[in-house]
Amino acid sequence: MVKGILVDKKVIVENEEDANTIYNRGKYGVIKNRKLELSLVEALYLIEKGDLEVYDENENKLEFKEFMKIASERIPRFYTIFSVYRDIRSRGYITKTALKYGADFRVYERGAEPGKEHAKWILYCVHESEEFDWKKFSSMNRVAHSVRKTLLIGVVDDEGDVTYWNTTWLKP
Amino acid sequence: MVKGILVDKKVIVENEEDANTIYNRGKYGVIKNRKLELSLVEALYLIEKGDLEVYDENENKLEFKEFMKIASERIPRFYTIFSVYRDIRSRGYITKTALKYGADFRVYERGAEPGKEHAKWILYCVHESEEFDWKKFSSMNRVAHSVRKTLLIGVVDDEGDVTYWNTTWLKP
Amino acid sequence: MVKGILVDKKVIVENEEDANTIYNRGKYGVIKNRKLELSLVEALYLIEKGDLEVYDENENKLEFKEFMKIASERIPRFYTIFSVYRDIRSRGYITKTALKYGADFRVYERGAEPGKEHAKWILYCVHESEEFDWKKFSSMNRVAHSVRKTLLIGVVDDEGDVTYWNTTWLKP
Amino acid sequence: MVKGILVDKKVIVENEEDANTIYNRGKYGVIKNRKLELSLVEALYLIEKGDLEVYDENENKLEFKEFMKIASERIPRFYTIFSVYRDIRSRGYITKTALKYGADFRVYERGAEPGKEHAKWILYCVHESEEFDWKKFSSMNRVAHSVRKTLLIGVVDDEGDVTYWNTTWLKP
């Protein structure tokens, strides 16, 4: 079983072979200095799939529940983001983080290779009960447009189902 | 100069010839019993264009600014709706109301004739500072989809400029 | 031509024969002391149809435009109420005022005779841009329910079209 | 006693047996990867019934009042939605979310099984002090009509009592 250590807002897989195995399985995380760095969302997804065990700095194994609690304290909207991530991943899409776009994820077309090809969408994750204003909506759209990607908003409902909205700028 | 009277939430052009002239110029308002009934949005647009003079019940002429003030008291979101209407009309599109769709306007393709052809878009007018929730967003999309029209959201910013966004449901 | 005199918020037809003619034509107004008393809404409708001429106390004839201006000053929401009245009347329904219900009109089924039969609906007239709250909505419903009538809300849109909503209380 | 953890806008019941017990008792929440995910409304209802204990990330037990406070901060209109949910659930109806319809809940006839049968109603929860406009009202009706469900408006008063109104479009 592949082991990772929780450090702040990352889970690190130190064993080089394990790091590559996990990375290649679905382009999870990012390889840095031959180690794999996973976001907490990615890590929880892999824990749930049974592909990863995570330990804290005191070598205590963190079960799903424990890990989820810790992650929720460290990352705002953690479970909302996780719910959308789980949904889009389970549909066969590869996603990478999109911090520099101020969004939650870049999403690649099925079969596309991150690094070689560009992501098609940038994805924001929201919960159905979240309030929004049109300024925020417009600025999300402007960002997507400026990097030539399509804006995707993934709305999680109270049953954990995700609805995706595709938005484009229209010049009449 | 064509003259109209402001009553309640309408401007009435009583002279039959004038009524037809204005109506035919851009399908403004609706002819009822040989009189033209204009909405306050339409009337203000025509005042601004110099095509109409509006008087109140005491025969006082209402200038643009005064009319805007009165209309804003009578119609919620008047400035927002007027800003979008002015923008889309000045681009050569004909619009009709869309109460039955729960939206602000139906918009026809350039050159299309309302009544003979179907509107292509349904248009919601919002101000960028307005809040919305995803249920409202979802119902806007569902209505548009159920009547086979394209949803258009016209977002007015603080300078009165309008940006149009189109949203569609994406099933990944 | 039948003549009426505008007095306050009524139009009085004094000639007994004329009074009966108008009343019988569509159960307009109410006969009191052999005179016919019409509401301003009814009077404007009859003026527009060419069935009535109205004079003020100085014997000046009031044309549609003049009458409309005066009525709008005396009756709040006059043109909204008139728009719904014109619509429902033109569809062959007989309506009577509904002041004692706090509503705008009682509406009878086609062919029903007011006085002999009960009105089926009580009708509220609103303009599409009017804001409402659910307390007002609930209380309208409660009134209708308590007098065993069905609540009808007639919403006038910006083109003068009226949409009718039928509301009933549901006890799950 | 069944235990759940509050994370973000969900309560998670991790124990598989407990998860199934609660789910089967009234189709509460949704099973994802052998865990039960409850909305905050569902969780509070189960807390009130004495069927669930909820803990925060620091293992503090959240009593009804405290949970209500937290949920109200996270979910707009929480009290209104909870009041209607409690009322309709306590009458033996099963409800599911209705984000896709832009409404609050789908409601099934007594004894119907969600997933196998279709919901009969779509339900909007409103507080009597809430404002609405006729465009919103119109779109609520149109959505319900387009999916062949009956529109139900649950109006909560200041005592938390719920009155249900059904509206239909009437073409006179």
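Order of writing sets the labels: A, B, C and D. Residues in every chain begin at 1.
As a working rule, a residue touches a chain if its C-beta (ideal position, glycine included) is under 8 Å from a C-beta of that chain, and two chains touch if they have at least 3 such contacts.
Note that the structure is a prediction, hence the values are computed from the model and not measured.
Peer 1: Which chain's centre, taken as the mean of its Cα atoms, is farthest from the centre of chain C?
Peer 2: Taking each chain's C-alpha mean as its centre, the farthest from chain C is A.
Peer 1: List the interface residue numbers of chain B and of chain C, divide the shared ones by all numbers used, and answer same when the ratio is over half, different when under half.
Peer 2: Mostly different residues: under half of the interface numbers shared.
Peer 1: Taking each chain's centre as its mean C-alpha position, how far apart are chain C and chain D in Å?
Peer 2: 42
Peer 1: Between chain A and chain D, what's the gap in Å when you average each chain's C-alpha atoms?
Peer 2: Computed value for the inter-centroid distance: 28 Å.
Peer 1: Centre to centre, by mean C-alpha position, how many angstrom separate chain A and chain C?
Peer 2: Measuring from centre to centre gives 62 Å for this pair.
Peer 1: Could you tell me which residues belong to chain C and also touch two or more other chains?
Peer 2: Expected reply: 128-129, 131, 155, 163.
Peer 1: Select the category (line, ring, star, complete, other) that matches the graph of chains linked by touching.
Peer 2: Graph shape, chains as nodes and touching pairs as edges: none of the named types, so other.
Peer 1: According to the definition already given, which pairs of chains are in contact?
Peer 2: Once each pair is checked, the touching ones are A-B, A-D, B-C, B-D, C-D.
Peer 1: Note which residues of chain B are touching chain C in the complex, please.
Peer 2: Checking each residue of chain B against chain C gives 5, 7-10, 12, 14, 29-30, 32-33, 35, 37, 39, 41-42, 57, 74-76, 96-97, 99-100.
Peer 1: Could you list, by residue number, the parts of chain C that touch chain B in their complex?
Peer 2: Per the touch definition, chain C meets chain B at residues 48, 64-65, 68-70, 72-73, 77-80, 86, 127-129, 131, 155, 157-161, 163.
Peer 1: Residue numbers of chain C touching chain D in their complex, please.
Peer 2: Interface residues on chain C, with respect to chain D: 88, 91, 93, 126, 128-135, 137-138, 141, 152, 155, 163-172.
Peer 1: If you look only at chain B, which of its residues touch chain D in the complex?
Peer 2: These residues of chain B touch chain D: 76, 99-104, 133-140, 142-143, 146.
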